[in-house]
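Per-chain residue numbering starts at 1, and chain names A, B and C are given in the order in which the chains are listed.
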Amino acid sequence: MRRLLCIVCSMAFLLTGCSHSRQIESAAIIENVTVDRQDGGLVYTFYRLTSGDDPWGIAVSAKNFEEACRLASEEYIPNLSLSKLELLLISEDAAETVMTTDLPYISTQPFFSPVAYLTLCDDRTVDAFRKTNRTQRLIEQQLILLKNHNPSVSIDYLSVFNHLAADRAEGFLVPFIYSDKELKIAEYRLHAKKMTENH
Amino acid sequence: MSAETPFSSKRFLLALMLAACSVILLQNHSLSENSSFLFELASMAAGLALCFLCFVPTLLLRKLRNADILQLSARSPAVVKLPVAVFYAGYFVYTALYFLIPYTDMFHAKYYPGVSPCLITVVLLGCCVYAAVKGVNVITRFGIFLFLFAMLTNILMFGGNLTALELTADSLSWQGSTDDFWQNTRYFLTPAFIAAVFACLNAETNNFRLRQPVCALLFTGLKYAAVLFFIRFAVGAYAGRQEYPTFVLSRTAHFDRFAGVESFYLALATMSVFMIVSLLLCCVTKAADREKNLKTVVLFTLILLAMYTVSAYVNSVKEILTNQNVFIIFTGIASLLPLAGLIGGRKSNAPTLVHSM
Amino acid sequence: MVITLKNSIKEIKLNLHTKFADSADLTIREITLKSANRLTAAVITMEGLVDKEQLAQSVLNPLMVYDFGNMPPQRAAETIQNSVAAAADLAAFTTVDELVTYITSGFAVLVVDGAEILFAAGTQGYAFRGVSEPESEVVQRGSREGFSEPLRVNMSLLRRRMKSPELVFEQMTVGSESQTQLMLCYLQSKVSGQLLETLRSRLNACRLETVLGAGYLSDYLEDKNTSRLFSGVGISERPDTVCGKLTEGRIAIIVDGTPAVLIVPRLFVEEFQGVDDYSNRTYYATFIRLLKYLSFFIAVFLPGLYVALAQFHPEYIPSFILIKTAEALSQTPLPVTLEVLMMTLVYEIMKEAGLRIPKSLAHAVSIVGALVIGESAVTAGIISSSTLMVVATAAICSYVTASLYPPIMALRLVFIVVGGLAGLWGIVLATAVVIISLCSKTSLGVPYMSSLSPFSLRRMRDVFLRVSWKELGRHTIRVQKFPETEADHVR
């Protein structure tokens, strides 16, 4: 009886999908995503977790986040994982679309890390992000400084989404990264009601 | 089922408490949206009080007849014995499916989308057969380890969400209507199934005290309250966007850069469902009143598996099997049936169990 | 079957020569006693088992010198017993079985032709290893004495530590061919009669031809229908450990020819208790205990978890470890499951080789192992450094609780395979099954997981903690008093 059970279990494991594992060496663990607008369309860039200073990113032109993930998986990265996402950086010209379309979609997806930082930025910051991985660390330092300075600022996705969903008339604060020569951070007031109405 | 050495009633109720708490892990958030946190707590208190009422017939039966409902029906003529056995066997199979289906759904959706849910069920049920054959006593011993693990997981889950807590002045407001109250109360009635398990297996325990079921339900209430509190004030609207809000709670838990508490949630949910299904298989075996323990357990496991497979392909079957109203009605009958035993049953000749209520 | 001896030397000789098939070491020395009626006697020994000098002084010399006058054989035999033989240990008997047992145990058997009784004089003098420190149970503080092979020496080691008349040695014989002697050892006032009776019946049920070591009996002492993964029979080479166990109502089984003493019942928590715990400061002993539990979990789970995380859930690994691990694994040709499995097996082979080869070569083997496996394989990109570290850490941790090595090894392999096939979920489910199996196991009717499950707060003082002797000494916990002990169910 025991032997039979062992054989049945082993066969079941091997034949019905348990061997379809996502191995560590082939899994593309995405650490950062930037969204900016190029030639009128949205460009989502997925940056993979690497130890070097040079970023490893795939840029996908898509209408929304859902399509971008699908295209990236189909065309470039088969084992895409957003569970360890640390930063979703949104260019100011893409902010409105992302906030109204992508944020509600992301909130329904279990694979998206809800504690990832979410911040707005200018175009130069997105460019800086493409050049070196150091930019991410600098942004995170700035975010922590801002949080320490003003705890009411929503710096992670969970908090931003909840404030957006709360439909508060007075709006709420999110971080804004801007870059002239060096990265700086400011507080940016978002009006949830306005976002919802636009949508 | 072979006779077991009597074991501590305290440990049995601990296992039942864990079973009740694991309901919270797999429940979808179907509370009224218009009710406030305090209102939800009041509904919870009412729901758990009703759960306690489900224990009362069994407690009376134990006190007055010194037996559980299955022992009593076993001593009755076949015309009584057979329907009772069929009802309880059917009820426990239904209850096992009631927990198995959301678990495999959750597992399939959140962890391994590529794996067939039927495979998960086959492997899980295989392990449950092993545990059920070992008996209730051994399962309750396992419960002690599960309890420690559950404590660890809860500490991580709630501790990791502390930084996300956002309390405002209107957090403790009172808001809700009578309809909301009944809707919420029904939501909190699910743990009542432990009263039905208690009704069938309590004769194998000793040193029973009335405070044991009370404590079990109080602890379940505490866990419910903590989960509701964190879902409302830490996860907020995000919890309503996804299924299984407790999973979301574990997902959002983090200590600085260290996250991944959902792996503990997965482990706890798996072990809890394993324990519940094993306990229910023990109840089924006892209801069937069979000496050949292994064969009965395997037979009912195959029935479970067949029903699960049907529910995976036929949506209406799945809806019936996971319907909360049907489950509550069945649970109510299973818990109240000992009252009939009180009226018609004969007193046991067995040595008196030690019990002081 | 008991065969009574005929009272003639000639017949006894014939009988023995037939029984031993003229074995070369059977020695029968016939002598004529100084008497009027020319009585003859014989001294029967097995060569190499008796001390010849002691035999001459205590048996032969007095026998030759004493004048038996006109005594009949039976009277002469009684006189030898009462006045002549100078041996400290002298026993009278009448059967062939006893004769064989005595001479094969090193006694000199004295036969007077025509007398109804025979005598066995204790003149044992075979070579044996002296009392030395047991290598498998080294302690920092405490006795350096360990059990040796001869039964009597081991008995004396226990008696020296327990001078109470409550200490009882009960002799039994097992092995139809080897006729191995063993001693059940217990404290009369502490032991449970039911446990003792169960143990006797199990040993009597042993149908082995030869019992050459204590381990032969372990299987016979295990309860029926319980998991055999963990052993329900304890083994110790230290008399102080055995004495400690006896005071808790346990029973020790000393088997002749083995320096390891079996102790029953054995519980899971005992595997984490050491002699040193009771000599060290309480906080330090507690710390060491907790460390042992941690090591056990690391030894069992670490490789399996590593495989499961690398294969199925890389996102649960913290980023700074994840990058390095992924980079290391991407440079190796084998899948991570196979890599870990292979390394574990290679380590086991090296361990076995290290144990069996002569000590002079062991150093060379360890250098080759460390260089070839540890450095060259990583440099050549055959295995990853993270895998090597995980397997090595698990291997070291498994020696913290050395007595649990076999189950740790088996479970580790199971968890590696399950982790590779089904990830974290598989490991969780396998853990649940292992816990169920452990919870259902009993050792002589006592639940193997006692103290933990069934839980006892009172007994926690010597499980995860080690409270002070003032607390411990206040009340000794007897093993048969553990809840849910079911002596009736286990026979």
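In the analysis below, a residue touches a chain if its C-beta (ideal position, glycine included) is under 8 Å from a C-beta of that chain, and two chains touch if they have at least 3 such contacts.
Note that the coordinates shown come from a computational prediction; the quantities given were computed from them, not determined experimentally.
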Maximum distance between Cα centroids and chain B occurs for chain C
Ranking chains by how close their C-alpha centroid sits to the total C-alpha centroid puts first chain B
Chain-centre distance (mean CA atoms) for chain A and chain C, in whole Å, is 61
Between the Cα centroids of chain B and chain C the separation in whole angstrom comes to 46
Chain A and chain B have mean C-alpha positions lying a whole-number Å distance apart equal to 38
The positions of chain C in contact with two or more other chains are 312, 315, 319, 422-423
Where chain B touches two or more other chains at once, the residues are 112, 123
Among chain A residues, those touching two or more other chains are 13, 18
Seen from chain A, its contact residues with chain C in the complex are 10, 13-14, 18-19, 21-25, 27, 29, 31, 49-51, 81, 83-84, 86
The chain C residues in contact with chain B across the complex are 312-313, 315-316, 318-319, 422-425, 428-429, 431-433, 435-437, 439-440, 447, 449, 452-455, 483-484, 486, 489
Within the complex, chain B is touched by chain A residues 1, 5, 8-9, 12-13, 16-18, 20, 104, 107-108, 110, 113-115, 158-159, 161-162, 165-166
As the complex stands, chain B meets chain C at residues 5, 7-8, 11, 107, 111-112, 120, 123-124, 127, 130-131, 134-135, 137-139, 141-142, 144-145, 257-258, 260, 263, 266-267, 270-271, 274-275
In the complex, the residues of chain B that touch chain A are 109-110, 112, 114-116, 118-119, 122-123, 126, 164, 166, 235-238, 241-242, 247-248, 251-252, 254, 259, 294
